[in-house]
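As structure tokens, the structure follows; a few thoughts come after it.
Letters A, B, C, D, E and F mark the chains in the order given here, with residues in each chain numbered from 1 onward.
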Amino acid sequence: MAKLSHTDKYGKARMVDVTSKQKTLRTAQAKAKVLLGEKAYKIVKENNISKGDVLSAAKIAGIQAAKKTSELIPLCHNIFISNIDIIFNMNDNENIIEIESVVKTESTTGVEMEAMTAASVTALTIYDMCKSVDKSIQITDIELISKTGGKSGIYKK
Amino acid sequence: MAKLSHTDKYGKARMVDVTSKQKTLRTAQAKAKVLLGEKAYKIVKENNISKGDVLSAAKIAGIQAAKKTSELIPLCHNIFISNIDIIFNMNDNENIIEIESVVKTESTTGVEMEAMTAASVTALTIYDMCKSVDKSIQITDIELISKTGGKSGIYKK
Amino acid sequence: MAKLSHTDKYGKARMVDVTSKQKTLRTAQAKAKVLLGEKAYKIVKENNISKGDVLSAAKIAGIQAAKKTSELIPLCHNIFISNIDIIFNMNDNENIIEIESVVKTESTTGVEMEAMTAASVTALTIYDMCKSVDKSIQITDIELISKTGGKSGIYKK
Amino acid sequence: MAKLSHTDKYGKARMVDVTSKQKTLRTAQAKAKVLLGEKAYKIVKENNISKGDVLSAAKIAGIQAAKKTSELIPLCHNIFISNIDIIFNMNDNENIIEIESVVKTESTTGVEMEAMTAASVTALTIYDMCKSVDKSIQITDIELISKTGGKSGIYKK
Amino acid sequence: MAKLSHTDKYGKARMVDVTSKQKTLRTAQAKAKVLLGEKAYKIVKENNISKGDVLSAAKIAGIQAAKKTSELIPLCHNIFISNIDIIFNMNDNENIIEIESVVKTESTTGVEMEAMTAASVTALTIYDMCKSVDKSIQITDIELISKTGGKSGIYKK
Amino acid sequence: MAKLSHTDKYGKARMVDVTSKQKTLRTAQAKAKVLLGEKAYKIVKENNISKGDVLSAAKIAGIQAAKKTSELIPLCHNIFISNIDIIFNMNDNENIIEIESVVKTESTTGVEMEAMTAASVTALTIYDMCKSVDKSIQITDIELISKTGGKSGIYKK
């Protein structure tokens, strides 16, 4: 059977043993898009201009979620995270909020999943705050933008 | 300022007070897609046919995440969930796994966020298990398919 | 030995059995004060006027903490909470932020500890955000303002 | 705008990036007072003399809470803690229990919030165990006594 | 394939849908034994007689674990628990501590797993406190003693 | 009073201060047995042969529980774990599943409790999945098989 690092030769789930890996600086950047549609986008935009809490709450949720990654993703290691940041880009033309997460660690394993989880939960929190206005909002394009550090080195989308 | 149920008149975050709401049966269905690409899709497909753990682990992660929704999404209520199910559909033509989550409760508030969170974390877990093979895998189309129960009644995408 | 509801006749810790108690609406209000001192107070005030995140982050932390009360306080029950609110009062004369928490449930036991925990963690978060400016900030006067519901009925400080 | 390390130039919340900070031994001591009043104080004193569980349960709760600090305080890092201790001082003249917490780590960031959280939750647990006897018990004077280690060096109240 | 309530017809894991089940009083009792051996047993016995914290800490750990059951056991529901009690019986002849847990709820599903988890974590905590003295301590005979309530009615070992 | 590392001279609970301990590779192996009886054993065996999820779900639960050890066992440190593995051995003669857990870290304290907790929760999850068929299933023989690393060095049962 073709091999995943997270499955054994029988295809069964397993953690990757990172005991002997080098402790180095590792970073990961991920993104997500929230397709708000015209109505919800206008409200969030207005909330943001008048410095309301929609994006602030979403950012805090994303930061907190990154710290919970190993509780959420069964085969992730519980690593120390040295920084988590969430950046929003308001795309007025398409009524989209673009979320970018950046996570850093000095560890024996990377923070791709922490960045992916942070971006996802930030997006889910925006959905939660807007769902009373429009339930058809979509979260899309969750992906890794880049990673650095570790044996596999630099990845760039 | 235009009103969200999760912001006050100053745009500040707040919970919705569900104290006086009716306790009724409420359900929600959400979905997510994982765009695996040819290589990773083939491996997951093979893992699934030979009854490996990739989708099993992802399903368990999704179920566990639904129960954690109120820890992840700041303004969600900590409600009792009476059922969580995760269904996979392998789309061979497009190398996509389609995830559908179904959540039920008898409560004073709905389970949309529980369904959305379950679908998202199921997708993230598939990403985690496949990222050693292909880091460019995308999670997309996370959205509510339907909800029933509560004052706002039935919603269908 | 004089009796606490949370100790048995030997003085040993125990939960209160609320199995046969009435499920009624119960509310609790608690407060806390953060004595910021002139310098930190001025910064938080300015942050608040310009709609920065200090109090928003503290409010979200307080709401999240209320939901975690039964994880933090060993003998508390894990109850459904129907609303949590956090209100700030800026006391310019004394450089103090007064925090008021309000928690509601329809349950067989009260939410005093949820309100006390919410007020405390809101205050701790303000401390965290200001400690780079002044480490001598004090949190004080954490107490129950009122409770309603349950056999013991209404309490007002 | 005046600067907090936990806000950016727009006053928005952010974590402090501790990636490049030195990993050194860091300690923090914090305290809290529980103003029990005559009746509750006498009961807790008696419980303590006869070696009941009130203070034991509170100490365990404080230790457990310190380990949860990064879940409770949004911008705290999830660090490894090498020791947590809670010490009680019974002040018979004023019917007060004085709580002192001591937390240690070898990390790139300090443990002030861990010590403050430990003291607070220890105090809240005492309140919880005594609230059936007297709801007007106050928690007060939560503050940092000292810290050592890190770039900012030694702090002493 | 022979059927478990927690597997579907393909043998895949699933939650039991308890949406339409009756909300009734349900109780469960479980037990565990800790085979301490002579040396550790003598120390715990002495600690218990002089009212030290070994069993108090273990009891609190067991109570806290019962509340975490649905986080630990993937297919368990997150239910409200109305009481958790832990009782110790010191068996001097065999150097054994017998642990009995009792859990109650009024819910649509039972608390067998909460009782089993409470007994197990109580036992693990005793092991943890004694392992510096004797690493060969065994935990054994974890089992359900009885349950009441629900469609399947009364069970007695 | 005879001394445990987890109690002070008064017999009160305390953490072990590991601040000055050496950071070395440490491993621990633990085991548990699930006495399924003929009926449940046959079903789990069949589920396993046809690659159902019973043991997969139990393994994931065990891995997740190891990461939660410091939340469950009050005096455990919150350490980074570099690997967790769960191995099953089907004992057809006695209708027993033997569980073996292996945990690794590079830390200032060992992972005995992580291994013991992983084995226990793996066993509890098997119980949960089979309890609809036979409530009298017993979990037994939870014990440490071996540990390496740290000042106390190698232990072998």
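Here is the rule we use: a residue touches a chain if its C-beta (ideal position, glycine included) is under 8 Å from a C-beta of that chain, and two chains touch if they have at least 3 such contacts.
Just so you know, these numbers come straight off a predicted model, no measurement behind them.
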Each chain counted as touching subunit A and subunit F at once = B, D
What is the chain whose Cα centre is as far as it gets from that of subunit D?
-> B
At the largest C-alpha centroid distance from subunit A we find chain E
Distance-wise, how many Å sit between the C-alpha centres of subunit D and subunit E, to the nearest whole number?
-> 31
Gap in Å, rounded to a whole number, between the CA centres of subunit D and subunit B | 37
Where subunit A touches two or more other chains simultaneously, the residues are 12-13, 50-53, 56-57, 60, 64, 68, 71, 74-75, 80
Every chain pair in contact, whichever chains are involved | A-B, A-C, A-D, A-F, B-C, B-E, B-F, C-D, C-E, D-E, D-F, E-F
For the complex, which residues does subunit B have touching subunit E?
-> 25, 56, 59-60, 63-64, 67-68, 80-85, 104-106
Please give the residue numbers of subunit E that touch subunit B in the complex, ascending.
-> 12-19, 70-71, 74-75, 77-80, 107-108
In the complex with subunit A, residue positions of subunit B that touch it | 1-7, 10-13, 42-43, 46-47, 50-54, 56-57, 60-61, 64-65, 68, 71-76, 112-113, 116-117, 120-121, 123-125, 127-133, 135-144, 147, 155, 157
Where on subunit C is subunit A touching in the complex?
-> 50-53, 56-57, 60-61, 64
